Structures are given as C-alpha cells and as structure tokens.
Amino acid sequence: MPKKILYIKPTSYSTMNQETKEYLEKYKDDNTIVDVVNVSKGPKHLEALYYEALASTEILRLVKEGENQGYDAAIIGCFYDPVLYAAREICEHMVVTAPEESSLHLAASLGNTFSIIVGRNKWILTMRDNVDKYGFTKKLASFRSLDMGVLQFHAAPGTTEKRMRQEIALAIEKDRAEIIILGCTMQFGFFAQLQKEFSVPVIDSMLAALKYAELLVEVREKMNWYTSKIGSFTLPDRGEIKEWHIEEDYHLEGLWNERKDQE
Amino acid sequence: MPKKILYIKPTSYSTMNQETKEYLEKYKDDNTIVDVVNVSKGPKHLEALYYEALASTEILRLVKEGENQGYDAAIIGCFYDPVLYAAREICEHMVVTAPEESSLHLAASLGNTFSIIVGRNKWILTMRDNVDKYGFTKKLASFRSLDMGVLQFHAAPGTTEKRMRQEIALAIEKDRAEIIILGCTMQFGFFAQLQKEFSVPVIDSMLAALKYAELLVEVREKMNWYTSKIGSFTLPDRGEIKEWHIEEDYHLEGLWNERKDQE
Amino acid sequence: MPKKILYIKPTSYSTMNQETKEYLEKYKDDNTIVDVVNVSKGPKHLEALYYEALASTEILRLVKEGENQGYDAAIIGCFYDPVLYAAREICEHMVVTAPEESSLHLAASLGNTFSIIVGRNKWILTMRDNVDKYGFTKKLASFRSLDMGVLQFHAAPGTTEKRMRQEIALAIEKDRAEIIILGCTMQFGFFAQLQKEFSVPVIDSMLAALKYAELLVEVREKMNWYTSKIGSFTLPDRGEIKEWHIEEDYHLEGLWNERKDQE
Amino acid sequence: MPKKILYIKPTSYSTMNQETKEYLEKYKDDNTIVDVVNVSKGPKHLEALYYEALASTEILRLVKEGENQGYDAAIIGCFYDPVLYAAREICEHMVVTAPEESSLHLAASLGNTFSIIVGRNKWILTMRDNVDKYGFTKKLASFRSLDMGVLQFHAAPGTTEKRMRQEIALAIEKDRAEIIILGCTMQFGFFAQLQKEFSVPVIDSMLAALKYAELLVEVREKMNWYTSKIGSFTLPDRGEIKEWHIEEDYHLEGLWNERKDQE
Amino acid sequence: MPKKILYIKPTSYSTMNQETKEYLEKYKDDNTIVDVVNVSKGPKHLEALYYEALASTEILRLVKEGENQGYDAAIIGCFYDPVLYAAREICEHMVVTAPEESSLHLAASLGNTFSIIVGRNKWILTMRDNVDKYGFTKKLASFRSLDMGVLQFHAAPGTTEKRMRQEIALAIEKDRAEIIILGCTMQFGFFAQLQKEFSVPVIDSMLAALKYAELLVEVREKMNWYTSKIGSFTLPDRGEIKEWHIEEDYHLEGLWNERKDQE
Amino acid sequence: MPKKILYIKPTSYSTMNQETKEYLEKYKDDNTIVDVVNVSKGPKHLEALYYEALASTEILRLVKEGENQGYDAAIIGCFYDPVLYAAREICEHMVVTAPEESSLHLAASLGNTFSIIVGRNKWILTMRDNVDKYGFTKKLASFRSLDMGVLQFHAAPGTTEKRMRQEIALAIEKDRAEIIILGCTMQFGFFAQLQKEFSVPVIDSMLAALKYAELLVEVREKMNWYTSKIGSFTLPDRGEIKEWHIEEDYHLEGLWNERKDQE
C-alpha cells in the first residue's frame, strides 16, 4: 500500500505548489504519493509570530481534512513547525511532521554539532525555543542569519546561494558546525550544490520532513507505533466541538464528523 | 492618568464577564480601569491545544483592537498564556501580560519553590514548556492535578476547594512547595481562603496578571521601558498586511490602519 | 495609604544620598514615599566579595530597623543583590527587593535576550551565579565590561556614557541583545539618553528595584501575598537571638524585640 | 536496490540469531535484507561496563567488515549503544544505528514523556548518560527496573511480561509516561501485547534501530546525507593503522585495506 | 615541611573545639598539623541565612589572620560553605576549603549519585544552590531531612543515629543513592558505623574538607597551582581597605598590613 | 605504608615510560611509589574514538593486573579518560583516576572558569561530553585547539609552547578563562613555564591525575571511602567471567581468580 503524504504550505499562494510537488517527488520513496496544498487565505510568509498565529486555524483545517481524506501523513511546511503539537493532538490515524523537528533529529544522528542558517535574526526566538523543546540545545553550534526575507530566497537564487556560502563557511570554521541546516523550507533546492562544495551534510528541511513522515508512517504500519493519545495529545472531544458550533463558526463543516472506521 | 486594562477572556461565552470584572475591580489599583471582553466565537475552554490554536486569531484581534481603542494593557486570560509573544509583537504601545508568566515571576520573588495545581495532567505539557521557556524550572516543585475540567471549577465550588486542599497539602508536605500557584484563571476566587488555611502564598493567576499589567504600564509611563521592538518582537509590516488582504479575509477591517499618533 | 520605601545604600558614604533620593522621587509612584540611608561603616564600593561580606551585617541591620520603623519595603542598593534572601528571611511584614533580581524579571517580560553592562570582568562571577539562581541564563546574551570601577562612573560621566555606548552597540549587534541592563546601581542616570539613541529598553537597575518594590507591596496589600515563611525563609528564632546576645555583640540593641503588632 | 542491513549481536552466542533474523524480517521494509551476526568471543550479556568494553573491539571489527562486504547499515544490538560513535567514525559509506538512540528519537516524535523499563538499576548510569548526551532528559519520565538480568527475559517469558506489566502501569500512572521504551534489545517480542493492553506506544528497541537504519540509508541514497566526516567523526588514518600493525595485533587482517571504490 | 591547617568553627562556642581537634587528628595526614578556632561572637548554629551573614565578617577575620600566622590552609566548618569564595579572594597564599564543596567533589569520584542528609528542609535552599553552583545537580539523588536542629545531633547521639539510619535506607532504596553525604559538620562521628552497616561510602563532611585542604596545599607546594588571582578572586586593594578604615571599624587592626614576604 | 601508584600509558610504545616515571616522581608525595607501564599492542595515540575502543581491553587488563599486584591506585593516562568508569567497576580495592576528571575537579576549586587547550577540534566531542558528565559545563570558558597531533607535542617543543602561548593568551583575554587546562597528558612538561608567564594556574593533567590518585588512596586508607559497589559500579560476577572463558579468549589468564584477601 502506498504512503499518501500531504504537504501543507501554510502560506496563501499556490504558484509554487507544482514546483514543490515535483521537488518532493524527486526525493520521495517509490511507494510514496505526495500532494501539495496551501492555505486559502492569510499571510504569504510566516516570519512574524502574528502571521504564524493567523495561519494556524487554516493549517489545522487542512491537517484534519487530510486525515479525513485518507492521507497517511501531513507535513506542515514551515521551519517554525507551527501548531505541530496541536496537529498531532487532533489526529487519530494520520501522522504529522514538520521541518525543524525532522531536521534536528536527522542532524543529531549525522554529527555532533549543527548550525541553522536563517533569513533574519527575528526568526531565532521561535526556532531556538524549539531547539530547547526538542532537546538539541547542546548540539547547536550557532544560528547564522542571511539578512534576507523568505520571499527573496528564490527571487535571486544566485545571491541567495552566495550568501549561504558565506555563512556556511563561517559556521564550519568559527562555530565548529559539523552539519548545516537550512532553516526555512523556502531554502529548498540549494542543499545539493552546497553540500558538494563544503563536504558536510546540508539538510534541506522540506526533505527532512518528507523522510520523517515516511518513517512515522512506516512505524505505524509495521509496529502500530503512533502518537500516544493518553496524555498531552489526547483527542479533543467531538461532543464539545459540535456543541460549541466550532465547525460552523470556523467554516469547517463536517470536519469533525465521526470517522467511518470507528462506526 | 488612569491605567486602562482590558481583560480578554479567550473563551466564547460572556456569562462570567461581569463577575470577572467585579473580581478584578476588588484587587486593582485605585488608578486602574478594567474592562472584560470575550472572544466572539470558538471553544468554551482551552484545555486542548487545538482549542488554543482556534482561539488565537480572535485573541489577537481583541488585543490589537484594545490597543487601537487606547488601552494601556491587555491581559490574555488563560494560564497557557496563548499567543502572548505574538501579542507583544503586534503592539506598539500597549503592554500585554498573561497569567502563567505573571504568576511565575511573582512566585519566584516570594519563595524558593512552587507547585502548580492543574485541572488535568493533559495541561502539563504546555505549562511545563512555559516554565522552561520563562526560566523557572529549577524552582518548580511539582504539578499536581485535580482531575477536573475547567468548566467544573465553579460548578461545584465546594468540591473544587476540597480537592485543592488535598493537593495543596501534598504539594507542601511531599514536594516541599513554599508557594502554591492555581494553574487556571478559572480557579479564581479560591486563593484567599486556602492561603489562610495553609499559611503560604496561594497565587490567583488572574490577579497576578492584573498586577503585572499594572507594573508594565507603570514602567512604560515612568521610564519608557516597553517591549523591545528590534528583535523577536519587531512589528509586522503594515504594508504586507494590507497587500495580503489580511483584514478582509480575517474580518479585521481597519485593524491595521496607521495609528493616529504616528501620522 | 502611602507605600513607604527605604533605599539602603550598602556603601559607607552619604554624599550621594540626597541625589539618589531625588532621582528615585522622579520615578516613584505618587503614592510612594522614599527615604535613602547608607551603612555607617565599611567599604565605599562592593566590587570585592570581601566587601560584600563586610557590608552584610550592616545591610541586615538597616533592613530590620526599616521594618521596625514601619517601612513597607526595603531596596538593597547593589547589583550583587547582597544578602537579599537573608533579608527576606528576617522580615515579617516588609518586602525586600534588589536591583539584579528586579532588572532580570522586568527584562524577561520586555524581550527575549539581554546583555548586562558591568564595570569589570571580576563582577561577572557573582552576577552570573545570580542569573542562574534566578533562572534567566537562557535569555542572557552577554556580559560586557566597561573596564571601569564603580566610583569612576560619576566622576567623568561623559567618558562613562561613551564607553557604555560602545559596549551597548556591540551587545546589540554581535550578541543580539534585545534589552540592555546597566549592571550597577551607580550607573543610574544614564539610561534615558542611551535608550533614546539605541531604541531598545535600557534598564536602570535602581529604578527596576523601586518598581518591583512597589509591586511587591501592592500584592501584599491587596492579596496578602508575602514571602513564604514555611520553608527557606522561615523567621529566625527570637529566643535564640536574645539568648546568644546577638543584639549586644553586633550593636543591634532592641532590633529583635517582639513586634508591637504581635503582642 | 535493496537496503542490506547487518544486525550485530554483541554477545558471544549464536543460538538466538535465527530467531532474531526472523523477528526483524517480520518488521522490515520489503526492500530490506537483514542478516544477523554475533561477536565470536566475549561476554554473553553486557550488563557490566567491563563487558561492554570487552565487546567493543569485536563489535567494531564486525562493523568495518560489514562495510567492506557492502552492507548499507549496521545495527549494534544493545541498548547501551556501545561504541556507536566510534562505529560512525570508522565508516565511510555504511550507516550505523543503535537501539537507545533510535528509540529516543522515535519516542520524542510520538509523545511528550517516556519511561524506560530496564532490567536492573545498575544499567541506569550508562543509559541515563546517553539520554543526556542525545538530548532527551526533559522528556524522561522515569527509569523503572524489573530486577531481572538480560538472560532471564526469555527464560520465563510469562514472568517477564508480568513484571513489565507492573512497571508499565506504574510508569503511566505515577510518572505520567506517555510512551514506554523497553530498555534492552532482549526484551524483543513483548511490545505488541503490552501496547495493546495499555493503549500507549511500547517501543521495542531492536525494531526502532531497524527502522532508523532504514531511514538513514534512505537519506543517504536520496539526498546524500551521511555522517559528517569533517569533525568528530573524521575517518582514522589508514596509514597509521597499517604502520602500527593494528590489523595483525587485533586479528583484523585486511580490514583496513583501501576501499575498491576509492582506487 | 608540615601542612598547617586551621579549622574555623563559625559558631560562637569553644566547648567542642578540643573534641573537634582530636577528631580531625585521627584522620589527618601524618605531616599535617591541625588547630581549631571558633568565632568570638555570633550565633551558635548557622541554620538561618541571617546567622550565616552575621558570622561572615568573623569567619573572614579568622581566615585572614590564619594566613598572616602562616597557616597553609583554612577550613570553614559549616556545610553551607559560608563566604568560601570571599575567603579565597582575600588570600594570597593560604588555601581555603569547605565541607559541601569538598564532599561533593569526593562523592562525584566515588559513585554516580548521592543523597545529602540534612537537619531541616530549610537548609535545602542554600545547599541546593551550592550543588548547582558547583555543578553536581545531575548526580544529586535527593535531600533527606532528619527534622532535627544542629544542636540536637550530639545531644542524643543514639536518636540521631537512628534517624540517620532511617533516611539513609530510604535514600538508597527509593532514591537510588550510591553515596551518602552527611550534610552538616556537626554530624561528625557517625559515618564509620553507618557506612559499615549500609556498605556504601558515608561522607563525613568535616573530614572531606580536611582531605581536600591537604590536597590543595599539596598541589600548591608541588606544582604551584593556587587560586587564580586574575579574575573573580583578585585580591581586594590594600590601599582602599586602609583608606576606608576597614580595620579600625571592624576591629581588624593590622589584618591588612603588607605581608612580610612581599616587602 | 607507601601508596603504590601505577601509571598506565594506553599507547603501545615504551620509549617515554622512563621519562614519564621521572616526571611523576618529581611531583609525587614522598610516600608514593610510581610505576609506569604501557599497553602491549594497539595505537600510538588515541585521537580517534576507534583507537580509544581498541585500547580499552588492554587498559582494563593492566588495571586489574595492577590491583592483583597490590597497587593502591591506577591512573589511566589519556585525557579522554578512556574506560574510567569500567575500571572503577572491576576494582575491589584499588582506586582509579584519570586526567580529565582530576583536572576538572582541581580547576573547579581554583577558579571560576577554565579553558582546555586541545590538539585538534576532533577531540572536543569526547572531552565536552565528559565535561557535561562530570558536571562542569557552566565553568567551561572554551576549548582552544593547537591544530597539532599528540605525537607532535614533544617533537618540536619550542613550536608547541609557542602555539600554547598564543591560545592561552586568547583564552584569558577573549574567553575570560581564569584557569588553563592542558587537555592531553602528552602536553606534560610545559605547565610550569607557561603558568609563570601568564600568572594563572596551568593544569598539567598527568599531575592532576597523580594528585587525585593520592587523595583517593588517602580517603580510602583513613576513612574507608571507596567506590560505591552497590549501584553503577557493582563488581562483575566472577562466575560468569570464568564460565564464559573470558580469561582464555582475551589472554587474561588468572586475572579473575579470587583475591587472596577474600578467601
């Protein structure tokens, strides 16, 4: 049976969906099917905490819809890992991954220290809190900023790559990084060339999330290991959701109907 | 000049607004004016991460509206401190506080160790991550759960108080807590009696947030100390917000118009 | 009722008491009364651990005398926060604050990272241990030293301000500090100009301690939240103190008489 | 192309190799080939640090031989993860995984807290140091000991399962564990029944290591992400090894010949 | 040349000096000479932070006098390690040790986890902060309280030993302590019997400080390793001390005269 | 009775044994007897994790032989502290020390921050994990690399000293190190000159281990404090070792015979 994976772009434009899909398909497992969707309204990047909050309801709608449609996994496509834990909470069968968590787990098994290349210093707050939350603070060599916004990365790829090259060189030499993580999914497409030049693993966080999604589906299928539902990630109560008119008020009609396999 | 404070209930019912207002007024500074509002749609409690995410857009709308209306401070009335940092990011003049941050700061100046009395074990994930994020892990004696939901606290206050009494006794005796924090704003009203019985400070987190709000307004007024806007909490770009139709799409018409004082 | 606050200068000269009083009065709450006293003997600065230890008995005498005289709060005016916890232990009604604790708490609510501007590298040991003890290590961007002694700060204010400017610029640019803390009460008077230039909050630790003192008196008055006396800060035994002739031997006659309100 | 994985039993008996192979084959990816080997001499369990040290040369011989024979991955089959980092250091192409690292990574993506069920308290030192080293201390709910030796687990499976059941119940109830990890590869075979009973993920560490091995081969194949060889895990110098007669003295003839693909 | 060591009792009674001296002489190196002195005024125990502060000036006087009299080492005889760092700061040649620091260093080389048996819960604040400051938090299994005051320990030794036995048994069984530390110098004399009964090292902190003192003298004599005087522990300035009349005001006449060996 | 100490060189050459013995004899206690042995096969330096693992069986053989021959202490002469804990586990009477543990303990009592001068960046992984494991992370100012291999240190001592001088100067000035630790036993012989030049303690780790060995023998002799054998360091079972033919298979004939004193 194929692994059906839904890549959720939390930004409100679809122009790069096809390119993203093709990119993911180049790296996916043969047995994996990937679809790409984007939120239908909201910011075009999530650099601000405000934008992240605005996008959260839409992201969670797409997550739950994905589960209802039979996807095996959803990827929340932003390195802030927005609402990752909430997404795990509302799912009953589908796994959810996100770029930062996935990248850090992989990096921790490939070397001893890593640097994260960010667009702006502003991003570090959330990403650093995540490094702490996930447990990898000791392995963090540095954050290094390109002083570029998300939307600039693919506007002038040559410039972007040049700036990355400068910061990666410093991360390796000054901060003793053994691994480089590109700290934004929109930095996709650059890793292969850079890792060849520097002879260190350069983690493309979009692909890290893809591979971690395939892993989590795999362990669910084979060993039945799935998000623990007894503690932090207990499913919200369907009765409450219906009673409070959440579906109507948030344009989520039918989202929380009982799952057929449970009837 | 009075300090105008807006208490934001992130749950979609207004039945307790008046009671909350009166409660806050009993403890406020003479010079403080308090108003209470609630979100207009969404869950009736935020025990689930999902509910917290659903409420976030509404909370931030009320925060920014509050600022536009000339409030000096907003309090986000939930011990998860939902979107506290995003709220600080979007404000230019108004201060924002929340119950957990405020309670922990106060507890840390009143004793050496504290226990947090929660409703359910499920809450601990978010609250514990906040304790870490704010820096008070070393002073955390324990979480102790009442095994009660938010909406039950005031349904049968006698039972609630009895359960609190049991867990507070254990927190003091077994966990060596010197301070008790009631880990939900809906545990308001119980602290005075309990602290008399146990002769330890029992922090009511709603009131802690009120006093911290007054403090932050005070330091803004007197010393001009206000949220640093150069790093993590830089204001989002008004141009982007307008360009992306955020206001229209999220029913926030006019929310992000230029502030008059800046024209 | 007014809040009566006693500012204790732990250094043995009175020449700046009036200036300090006037400075504090500029920033205090209308309802606050401030007095300034200094220890009657001992060092003129506390840069050495030895000097801090020498000053401690005198500081604690002034604290307890302050309480006996009816003050609501005492501020121990040195950024090492000397004997802060002992002062809380010996008080039964009066609150006690100190500059480092107060500054760190405020900084933590105003931004994500802070740098502390110290006079000499030697100071860092104690201040860093306090940062750890209070819980704010994760938010500490850096210590930066002016290579100046306490007594030089006001000798040539122009030079001092220039050196501060240099280090603040580096703290912001290199260490990503969002908040600056001036790590000595004798750096008072500089913050307003510097914060205007750099557009970041510059915390004057003397004023931070003042505002925190007002807060702690406020929560004591309104909610009866006061230093927990059941654990670390249990009051020493008056019987022992009398029996051991502590008052006579330390020139503290009558200091430990029973409080009238308890007779 | 299939993924060829070598499972290395670091204990000197072969009686369970076939059973282990069949067990792994039940859970492997279709595209994976698994072989099981054991060290040819040394202890029959690694409960003592001494035994772990004795086994290390043999383990590393099998690792390097495996690489020379064209395996894509090796699994070091002991929850102490003996010489995992040394194994990564000596490999140039083959990936290496081990049960504790793999189990912790998976657990961290499936829940918020985990307990590790060990045989004896003595094991905790090494495992706890690994939890710290890998970064998951904050998520560790507890270690719970069965008071049984490795070789007893399969001697009387009924007793073992009963003891596990008791400790898992306590881990969930008292320690708030959301995930259970069976802290010894020789606890294989028990997880499915236990996880059904308790409705929480019960991680079989042998299978966790298998799935992590498949993942690391996958990311190597698709993205060329492989152990960083520029820092901690730089390959030892073949010239030195030859010059020092390491191969002769340790019965490793030919082990360090130049790899054909590099000629 | 003999090692001359001064044991400083920071409590104002001399009745146990001879017993303490004889006790230390039983365990000292042949080449060591031990003297015991006590502070001439102040509290009779240091359980309160206040008492610790009161004693500090006297302790430091005895330390500096000891150095002036040619002692090689001073031991500050209280498990709070009062003014240990200040004592190191004011010395130029004499080494200083204290019971908690010494006990923790030894325990860390003898096992993996330790429990500290204290008299009262109140003591834990300071001792725990020291465990953190010295770096041994990870190895701390527990504090266990006898609910007894310092002055009771030798009043009814049989009762004391019985209570110790109870708590040590729990520390080993429940907290998995591998080492026991008796957390008060006044618990001297009990360790030998208890360690025989429990077959674990039971650290007598007075003797630990003695042995650490001998070690630090040894490394000073042989390798010239002595307290670094370039940073935190730079010597206070004699000129200042004279100018400020510290000696006169604190009854320390001649204490800070230039050392002869430096003239 | 003399203290008999065995210094174990974990590298397979004997050419420097005599020089090492003479060096240790210059600094030992009068009452100490020192012998130096080296492993009989294996690498000539332990810079690689692989080499460390290869050497471990030989090191442990020499340790246990040393105990059987009546030595009071063994020193494992490499700053990685290879198999230190395993060595403590297999001993019943002899104490074991190692350079990193000993150096860190001493440094922590001599100052507030230390820098470790290493040969290559590659070494930092293991040494840093040890700093964490032993508890001294907070005091670690920096690692600084000479970019030299172990075998080069004494090949051109002038060059080595010059490089050390450069890095020590930076450690003191930039990293605020108060203590310098030479992070390799093969950096022996340089400390005296360097510490004279820089006026800070420069720890020679070989000598630190010697002095710590003398200390641990001392506390064993006087107070019977010896490695706790109830938990992590319980002795392996002689019966198992015999039954598994460990002695024959590892050329350790008679190593694990019952100790005479136990018959």
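Going by the order they are written in, the chains are A, B, C, D, E and F; count residues from 1 in each one.
Here is the rule we go by: a contact is a pair of C-beta atoms (placed from the backbone, for glycine too) under 8 Å apart; a residue touches a chain by one contact, two chains touch by 3 or more.
Quick caveat, the model's predicted, so the values are computed rather than measured.
**Student:** Using the contact definition given at the top, which chains are in touch with both chain A and chain F?
**Tutor:** Per touch definition, common to chain A and chain F: C, D.
**Student:** If you average the CA coordinates per chain, which chain's centre is most distant from that of chain F?
**Tutor:** Checked the centroid distances; the maximum from chain F is B.
**Student:** Could you tell me which chain lies farthest from chain A when each chain's centre is the average position of its Cα atoms?
**Tutor:** So the chain farthest away from chain A turns out to be E.
**Student:** Return the distance between the CA-based centres of chain B and chain C, expressed in whole Å.
**Tutor:** Centre-to-centre distance between chain B and chain C: 28 Å.
**Student:** Which whole number of Å gives the spacing of the CA centres of chain C and chain D?
**Tutor:** A distance of 54 Å separates the two centres.
**Student:** Check each residue of chain C and list the ones that touch at least two other chains.
**Tutor:** In chain C, 112, 121, 124-125, 132, 138, 176, 231-233 touch at least two other chains.
**Student:** According to the definition already given, which pairs of chains are in contact?
**Tutor:** A-B, A-C, A-D, A-F, B-C, B-D, B-E, C-E, C-F, D-E, D-F, E-F
**Student:** Mind listing the chain B positions that touch chain C in their complex?
**Tutor:** Touching chain C: residues 27, 29, 97, 101, 105-106, 108-113, 134-139, 172, 176, 178-179, 191-192, 195, 199-201, 203-204, 207-208, 211-212, 214-216, 218-219, 222-233 of chain B.
**Student:** Write out the stretch or stretches of chain E touching chain C in their complex.
**Tutor:** 12, 41-44, 48-54, 56-57, 60, 83, 85-86, 89-90, 121-122, 124-126, 129, 132-133, 231-234, 236, 240, 244-246, 249-250
**Student:** Quick check: in the complex, which residue numbers of chain D touch chain E?
**Tutor:** By the definition above, chain D touches chain E via 121, 124-125, 132.
**Student:** Give the list of chain B residues in touch with chain E in this complex.
**Tutor:** 112, 138, 176
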